[in-house]
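I am attaching a structure below and will ask some questions about it afterwards.
Per-chain residue numbering starts at 1, and chain names A, B, C and D are given in the order in which the chains are listed.
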Amino acid sequence: MNHDQQSCFVIEGRMALPYQYFAGAVGSRFIVALRDDKKILAVRGAKNGTTFLPPRQTCERTFESLEDNWVEVGPDGTVTGFTVIRYREPYQPQEPPYVLALIRLDGADAPIVHLVECGEVASMRVGMRVRAVFADDPVDNILAIRHFTEVK
Amino acid sequence: MTSRVAICAVAQTKYEADKWDVRMQGMVWEVVKQVRAQTGLDFGDDGIEAAVTVSDDVFDARTISDSAVTDVVGAHFRGEEKVASDGAQGVYYAVATILSGKHDVVLLAGHCKESQAASRNMVTHLAFDPFFTRPVGLDYLAAAALQADAYMRKTGVTEDQLADVVVRSRQWAAKNPVARDATPLTRDDVLASPMLADPIRESFMYPITDGAVAMILASEERARDITDRPVWVTGLGNCYDSFFLGERDLAGNFALERAAARAYCMAGIKNPVTAFDVVELCDQCAHQMPQWAEGLGLCAAGGGAVWLAEGGPDCHSVNRSGGMLAGNPLMLGGMARVAEAVLQLRGDAGARQAQGAKRALAHGCCGPAGQLQVAVVLEA
Amino acid sequence: MKRKRRNVAVIGSGMSHFSSHREEVNQPEMIHEAVVEALDDAGMTLDEVDCVLHGNMELFEMVHQPDMWHAIASGVWGKSGLRLTTGGTTGITLACAADNLVASGLHDVVLAIGFEKLQEGHTTGGITNMADPLWGRSIQTGALTGTTAQAVIDEFGEERAKHAAMKMRIIMDEHAMLNEKAHRRLGLDRQFIKEMADNSPPLVGELRMLHMCSQSDGACAVVFASEEKAEALGAAPAWVVDHETVHREETLMFSPEKTTMRVAAERMFTRNGITDPRRDIDVFEMYDPSAWWGLDWLREFLLLEGDEHLKMVENDEIRIDGAFPLNPSGGVQASNPIGATALVRVAEAAMQVRGVAGGHQVPKPVRRALASGFGGTLWTVLMLLSREKPVLGGHCDA
Amino acid sequence: MPDDKKAELIVSRQVLSIPQRFATGPIMGRFLAELLDNRRIMAVRAPGSRCLLPPREVDAVTMQEAVEWVEVGPEGTIRDFDVVYYASPDPLTGETRDVPYIICWVDLDGAGEGAPLWHLLDAPDPGKVRCGMRVRAVFNDERCGCMEDIRHFEIIEET
């Protein structure tokens, strides 16, 4: 812009507001089972037998209701893809570097994104068999699984 | 389309890392002034009848962020509707308002100031749901990394090839006066840049950018009065994929193939490989250059590595602007692509001009790893 | 409209359950309720939808580009879509966009979805965030203001003004009692008008808690279809005749000669040959964020002068069985999921035209219905719907 | 699964916060600098048009750039006011203000009627505030180049 920069300055501020998110009945049932019983629950559609994880009320493609047909999946699964997070942000679940992977739990149709603790990140590979490690303290979200670790 | 819509004027600010000396309103006014000057149009029933704006409340840290720019887009006691998505979606909607018969002349103006937030990742992190995907720290960068990992494993695209995509982007950006980053880089420079999220290095990712874009769109009847070089929007398509990354074919192009098919059907394009003189695609990340090229049908599905090896980007005149890798703000990636395509088709692209360009393809995308895809066909 | 290319009809609508507490559903699940009901109402399946529009205010729930997450239940997967937001007017902007998209020929069936889950954020804080961070944000108090109340009091005297505003509030509540979807159904008793006007806790000036709209969680979905598609489905639709958007500058401070409400109404009525809106329009769903604004804007929208609008309230003309039914749904004072609210106005107006409003169906025949949206810095959007199919090209300016 | 567990509905409460750098641009920048350095309230206007206050780049009515600076106030007349009884958090700080407080729109002397300034009013008895009252801007001694450098407006006592 063609103007006098001497009049310009920058004011440090923030956007900050309180929020409260609700997981809903279906999400809550999943989280409570994870937190209290260390069980990973998914929902299975009747139309084509797809097992959805995270669980949800409905299939986005067929709109069939899914919420009543609960099945247990995992705790073991297979890594189908991964990245090593090396940049830092305040919302990250742990100090970088850490592995964020797509993990298909046994019994589920599609992978979820979660953390893998594997010692050296260089040892990560697709196809690795991993197992859920549950958090010691109660956590009310997907981090009730603290991370996955390699099954030797 | 039974009738056509023309883009009659485009203007872009210089894209910069930190426009610390201008409010978002100032950025928008700069480009609005330019498109008014290009067309001589004033606001009102005989001129610019209404505005479509593009912005995002979280990036602007402001509810109803279009209320901040109502003044500068001339919408005081007129219509202004905000598309809160990639700017190519703004083009989509502006075209619809004209094709419907509602308006003849519409101002489209988008802005995004990525430098305002402490980090772009803090903004895109908030696109994830609070219970399943936010807690593990996902943001658009992490999503792009998972996509890049999947895409490179599937197609065999190498890190060297991606480095060459970045080198090429800088070469073209040097010929684009509005490009944010035209510093020349060698392959070694690129490969020396720090790894952000494997396999994405810092230089593989589009830089933090501030800027604004404006266009004037008009009905076929009005366009002829406004400019002797109208650029016609002859095809449009968009499509959404699934939200959860694990439920998508991250290495594939489900949404883009459908978006492109819709646009090509409308424009009567049978073979996209030979259809375009210029292609501008939204490579927010280097691996997306070959991936989106597959999705747009410039090469076979899964053929991205071969396409790169055979000089596909030059053969198809892809991203002579430098592309998204040279720096556009997230919300305006597709809109800047459309703007560049217009400049090419008008013969106004200067040192990066593709001689005699008659038909162009512009691409936009939005959401984690391109969940929403947009294709726009433009013709001189 | 100048020369609308294709006729567009509202053929179905749906609303989620509206409440201040929707802990049992997450955001996409709540949206899904509205979408399923709208498709059922239209008698179609998801496969027949070409394009899905989405709108709300991001800072109310602090979800960036929420159309992405909501794709798991909005029906947009594999389809075209667009996200539009314009503050409180968002819902009716979506309706205008759906009309434009179908009329343009780009799509035959467009599903518009407005939503808000206000319980998940801080509504007044979220609205306050619309003020410029450098000058207004530390001063604004959301959408709460008592200046309109004071202006009405100054013009008509305290007793008459306060009585009319509370009467307006009570009529809205009487209507809400007829609408099982309405969020707040209070059962207010007319014989205590004065007590309520005096005793409801004050928010700002003479704007009291009872005058103000609710804070609701909810979603609304409306199906817009081309003439061909609408007629193939058989049922009588509500045709979109016209729409008008009037925004204004960033600040609220400058008072131009006319309000956006009056300007929008003048343009809409002139284009469509409406010379006496009270006669030519059979029902009006107004975005009335408070009883004071609803009262004041009645005069603006109907292009009235003097105290005509007060008389309409005092004489019960605006009741569902009156000469000019206003908000038979109970309006925004009853239910206000902000991003959905203005789309609810369109849905309700269309239901009246289609004759499917059930317990709150206006008893007289409804040929034409008007819906309004309010948002931003006193912005207005109007949409006119009719039972009779518009003649294309028949609504030219000139 | 036991029924009592089905009943628990999970909620996640959090404050979401993103640090921001708000650019003033040259116009708002000068306005704020004048408050800071000179305790002066400056408005802008396009040639021949109304004042804009706070100053902005463009006059929305004429679509002309506002390039002329005009000193206004510090005294003025109350155009309108609101007595606020509802406490809400300031989204810039997260802090909630004590109620009641008064916000006012002041037609500053020299600004005409198109540009009332929006600010806080300090009045001992909110019940006695009336439109048309004369008020004066009170500046803080410690200023930072922000709108709050004007602490509030106060009513000028009639003598």
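We adopt the following convention: contacts are C-beta pairs under 8 Å (C-beta built on N, C-alpha and C of every residue); 3 or more make two chains touch, one makes a residue touch a chain.
Everything quoted here is computed from the prediction, not taken from an experiment.
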{"item": "Chain whose Cα centroid lies at the greatest distance from that of subunit B", "value": "D"}
{"item": "Centre-to-centre distance between subunit C and subunit A (centres being mean Cα positions), rounded to whole Å", "value": "38"}
{"item": "Gap in Å, rounded to a whole number, between the CA centres of subunit D and subunit C", "value": "30"}
{"item": "Intercentroid distance (Cα basis), subunit D paired with subunit A, Å", "value": "43"}
{"item": "Rounded Å distance, subunit B centre to subunit C centre (Cα mean)", "value": "33"}
{"item": "Two or more partner chains touched - positions in subunit B", "value": "19-22, 26, 58, 61, 70-71, 76, 122-123, 125-126, 130-131, 242, 244"}
{"item": "Interface hub residues of subunit A, defined as touching at least two other chains", "value": "3, 5, 8, 10-11, 13, 15, 17-25, 27, 31, 60, 140-141"}
{"item": "In subunit C, residues with contacts to at least two other chains", "value": "23-24, 26, 59, 62, 71-72, 77-78, 122, 125-126, 129, 132-134, 248-250, 256"}
{"item": "Chain-level touch network, classified as line, ring, star, complete or other", "value": "complete"}
{"item": "Of subunit A, residues touching subunit C in the complex", "value": "11, 13, 15, 17-27, 56-58, 60-61, 63"}
{"item": "Subunit A partner contacts - residues on subunit B that touch it in the complex", "value": "19-22, 26, 30, 61, 119, 121-122, 125, 130-139, 141-142, 145-146, 148-150, 153, 194-200, 242, 244-247, 250"}
{"item": "Interface residues, subunit C side, partner subunit A - complex", "value": "22-26, 28-29, 32, 36, 46, 59, 61-62, 71-75, 77-78, 117, 119-122, 125-126, 129, 133-134"}
{"item": "Partner subunit B, residues of subunit A touching it in the complex", "value": "1, 3, 5, 8, 10, 15, 21, 23, 27, 31, 54, 60, 80-87, 89-93, 100, 102, 104, 110-115, 126, 140-143"}
{"item": "Touch list for subunit C against partner subunit B, complex", "value": "1-6, 26, 52, 55, 57-60, 62-72, 76-87, 93, 96-97, 99-106, 126-127, 129-130, 132-133, 244-250, 256, 260, 263, 375-377, 397"}
